[in-house]
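Each remark here refers to the structure printed beneath this line.
Chain IDs A, B, C, D and E follow the sequence of writing; residue 1 opens each chain.
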């Protein structure tokens, strides 16, 4: 796990495969931001012309279980090995991971196998014994955002919108939140390293936005795994997000863009909670700060319909941001099903943004 | 216009003074506690009143204590106080004789020469001569007082107190009273020839008939004014000590003591301070350049109600100041009382002391915090206990509760009581009959503030001397010149001077020095002072060391771990505790025996040897 | 007593993550400075690491029985900065594992919560092959999820479809149902790699603790539902 | 029942130099400037009589004072027995006993002041 | 017998090189100093004051240069970079730029150190936030005589010194202690405090390694007179706030709590690193380097100035981090060893 870091990571560009990916989904992103994964595949296939295999047979990486300490390291190694085996079966060598926790898990496992070959051998045996599977080590394991970053210019070329405030003509101010496990453990596995990662800022600036560096930018959202899953510990999670909001508040950002599905969830939901219990909002004009995934951001830039992207899944209303971008959307469509009927007994009212 | 009216300033001043004194006196007496009031009544009724009268005479008029300190200073105080007193007494006699009545106007004796300008009466010449003599006596005191302001060394003093506003008025008035009286009487004498050898001579020297008749009345008026001013200023000046001290002596002789809270007796003590400044020169803080926290200033601040912690806690509590206090005020207790008042709101929590294990033993050794910083003393004590075959429990060997005295010195008596309670429980539970301590700070508190029925509290010097007397500890006096330094808490604090000296004499050659026993110096390390810096402590220590060095001692022996630690930081002298000295002398004893051809390797062998 | 401490030592030294996570700590505090848990809990990764580095097994044992090791939020920020390449967060993982394997976790409030996680998250994994499913996030337990989630929760099948998800259906896609074969392999891995054994240990030690706390049914057997309820509601004494 | 009862912002343990109350520190430094030279060596704690009996840590008290953590400090200082060993062993000759006295003095005053408010 | 004049090449005209060259010239040797910069003096040219006496380094450099004037057989060639050194029959051929080739009987390397590039510690924001400066930058600023201000021209109300930048840090590959930064930090803190008495100054340190004579006096003075506060804890990160101040985070390790503070300026006490020039010597297998990339001594205890290659000597901070007075002492020691070597060589030649 030792990494020689005697270099400027901001000058460092990691190796990102160009095509033929194997897709590994994220538990939290599927649950809370399903549209993002759909959009990612669509962008890759239809906008960038890449092939990516979406396998029905892969499972969770059990990373949450691992960080909640109920799943041993040996287990997640074998689960990762199974995924590599599935990938090997398909003749693919480039894994693309939707979840930052999973990405951290894969990075840790590959690093361990590299430093302790006996653990790789043990994993091979365990996988063989339990499933009869064999596997090859992947050539390239990256996070989905790495791919979007790599093709940010191609996306810009097809952009329908830019990240500028259409009313003022000024770039939109966007806060990036990377997610701890993206580069904090292995700075060399993140674009731009751990301190000033470029993976999201690269997208933001490429698409015309302005990034905001605020004091607690690198601070954890507070997920803490067991700190969210156990109800009584949740105030820890809340407190850490609050710390971030307070720190970013003076900069008056237009939106937060996240790399990690968990962070996206917490930065969105804790704003609502803080508004409920402390009567405090951190965005402009008493509103919350919209929190978007990078896939959603790319989708908006490429002109996807906000409700197809799943922006209705967010608690903090995203409409102010869409308005600033000058995106035309139908307000009523937000709550409609595929047949064009309003879902639910009453249309959703977002309590947070009622002034 | 009635020229008699010039007496008005005197009469008014006198009346005002009496009213104030009566009011104050009533307040002081009435606010005494019930017990103290009973004590006072008993004292007034018993023969103790005679003792008080004697004390008042000796201290308030003769100023015996000041005489003891310095003859010139004593004379100055006596001539002023006793001389004036006699002037009043003899003046009254003269008036009674002249008027042949006891019912004379009370101002008459004061202005006798003015009113009785030509009358001859039995012994008038003698009275006149006597009164002149007394006036001369008083005037000599005034001259000395003047010169003291300019040349204090004559009085053996390096410093005198600074004056306050009230003091300045009263003092100026006092200094003017007698010269004015001399001038007024001289003028009258020149006019009416009713003076004697002084006034008559001065009259013809200063006046002609013209000036004498025009200046006499103004001079008498000035004299009356000076008197009146003095009386008015008196309650607001240090001269208040004159009436207060008398009451203070009566109270003190009645057995009334300073309490842990301020009361009327505290106030009385404060008012009794004449600000003579004798305490200033005794104070070793002078060596550290600290010039404003001495007892006289603290008393003044308390009286003015502007005492602060910086002044109150900047005192070694060594007790040197009160040794020479002419009024005999318990200055240390007074300051501690004030510290108690200052720290009354503080909390303390020693819950952690609860449930400690005790050990059954016949003797308890309590080393105390300070001894823990001088492990050689502990080692020596343990050696001594082994030698004596004691079954002892080293109470504070590992877990070390404090004795409580340092807290008391810092004014926190309630907190100290908690420690005392804890330690008492431990000591009683152990079933010990003896408690030996090697630190005078602990000794004082164990002796005075602990209730330890059936337990004898012994200072290690006492214990060692007993071992020596019982033949359990044999020493051969070392060929060393030794100065014994009296620790403040042991000497002035607990009155133990001779026992440690006996021990030293058994172990070496004791040199007697000037500042010893109750005049002994403080090492500067005192826990009583919470404000002084280490650098200042070093100055105090070094001045003591330098004095000791002038006797060319080989060992400086003390009986206090804190003194030892403090002195040892100055590397010019070998410093040791009594216990260490004794052990060295004991080794010497063994060595000498051995030289005589006997092989001694341990105590048992020594014992057999001694027995044989 | 002695046995447990020897066991702890063995387990520590045999875990490669421990070897990776602790080189030599020089107590600079860079980890605590940045640690989100150090700010909101009485927790200090530096001190934790110093104790582990000291090799004092009794102290390490106390650590395993304390809330301390459960405070870490596993963000691994400590790893980024440590000038000696230590990773307190990783050492914590090892300590937590040993705490569960030795039963020490039942001695602390935060430790006991492992039973909650094993039941909730553990069963979810074994049953569906996901850590989460929309049906698990019940609005009543998750007020922070807000009214939007309530709407999603109540209308999941319809809403997920609008964004192209494949909720609980066959084939690939978002939230698809993971097929039988995959689940068989998944569970076999859990069995083979000791995860199920860990679950059994957590269950076993937790029922011992329940018994110890007198949380039993009429047959004097530990009542694990009640125990679950107990640890769910166990409050922090103070902070 | 408040459904958000379990969700409160936790108090921060962080020493925040932007917000800390330095009144007590300023008072101590005014009357005992030797406290400035403390280098946190811990000699005082090692010798402390109270420290031998309980977890009382005089060095840490000095730090609490310097970092403005006055809330717990007042209660903590009450464990001091005033024996003075700390001052005697201090390599920088800090008059620790006076520091304790000053803390007591000013915290008592501040407490009284807060009561009034 | 007539003593044959030997030729010594000294590479690097910092104080170590200048002093060694002077001493060798005094012993009668012909000496050539090769300096890659235009002017001699090395890093000291950029330094304002030295510790512990706050003296100016100019007098050291000018003193050494004045001394040179008395030796005709001492010559300095500046603006010349060495490209290679070859050894032939116990003699050395030194190739430099401009087709220059010098033959020497012995070589003294005094190439000094390289200041750690603080940009590598990205988390401190050097090169990114204008109010983050290094100790070298501060020294330049002090040398300019201008009052110290923040980037926006304001007097800083709070300054933090951060110790151990690029030292004792495996993250940047330097696990050793640079030794002089602690005292430099204290000295600079004192100087700022003298200049701006109202400014609050904090030093974040891990250990205060004030090993030298009078160093601890400065520490005491800093605490006592200047109320400079020392906090034991390594800075974790610095970030710019909305009003362009800097938020820093460390642990106050002595109280075991994380600490946050806003300051107007951060001074990073950058450590000493191996010079790039070292690589040239090691790649040609001429000399060995130690694990930190400094030149390896033949014997670290006895012959600190001898390299693993007979005839090539080292002096000053190319061996390890050193203070100015240590460097001067070290240069003296080097000259003695060179003398001994040349005498021995003369004897051997004579016998041959």
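Here are a few things to note about the model shown:
To be clear about the criterion, a contact is a pair of C-beta atoms (placed from the backbone, for glycine too) under 8 Å apart; a residue touches a chain by one contact, two chains touch by 3 or more.
As the structure is a computational prediction, the values presented were derived from the model and not from experiment.
Graph distance from subunit B to subunit E, where chains that touch are one step apart, equals 2.
If you take subunit B and subunit D together, no chain is in touch with both. Listing every chain that touches subunit A and subunit D alike gives C, E. The highest number of C-beta contact pairs joins the chains A-C. Spacing of subunit A relative to subunit B, judged by their CA centroids, is 83 angstrom. Centre-to-centre, using mean CA coordinates, subunit B is 73 Å away from subunit C.
Centre-to-centre separation of subunit A and subunit C, using mean CA positions: 23 Å. Centre-to-centre, using mean CA coordinates, subunit C is 37 Å away from subunit D. Shared interface positions of subunit D, i.e. residues touching 2 or more other chains, are given as 4, 7, 10, 12-14. Under the contact definition stated at the top, the residues of subunit A that touch 2 or more other chains are 2, 195, 218, 231-232, 234, 236, 238-239, 273, 276.
Of all residues in subunit C, those that touch two or more other chains are 38-41, 80, 85, 143-144. Interchain contacts (touch definition given at top) occur between A-C, A-D, A-E, B-D, C-D, C-E, D-E. Contact residues of subunit A toward subunit C in the complex are 1-3, 25, 27-28, 30-31, 34-35, 37-38, 54-60, 62-65, 67-75, 77-79, 82, 104, 112, 115-116, 119, 126-127, 129-131, 133, 180-181, 183-185, 187, 194-195, 218-220, 222-227, 229-234, 236-240, 243, 269-270, 272-273, 276, 307-310, 312-315, 335-338, 343-344, 348-352. Partner subunit E is touched in their complex by these residues of subunit C: 26-35, 38-39, 44, 46-47, 80-85. Subunit E meets subunit A in the complex at residues 119-120, 122-123, 128, 170-173, 237, 239-242, 247.
Contact residues of subunit C toward subunit D in the complex are 38-42, 143-144, 239.
On the side of subunit E, the complex with subunit D involves touching residues 208, 219-220, 223-224, 227, 229-230, 232, 252, 254-255, 257-262.
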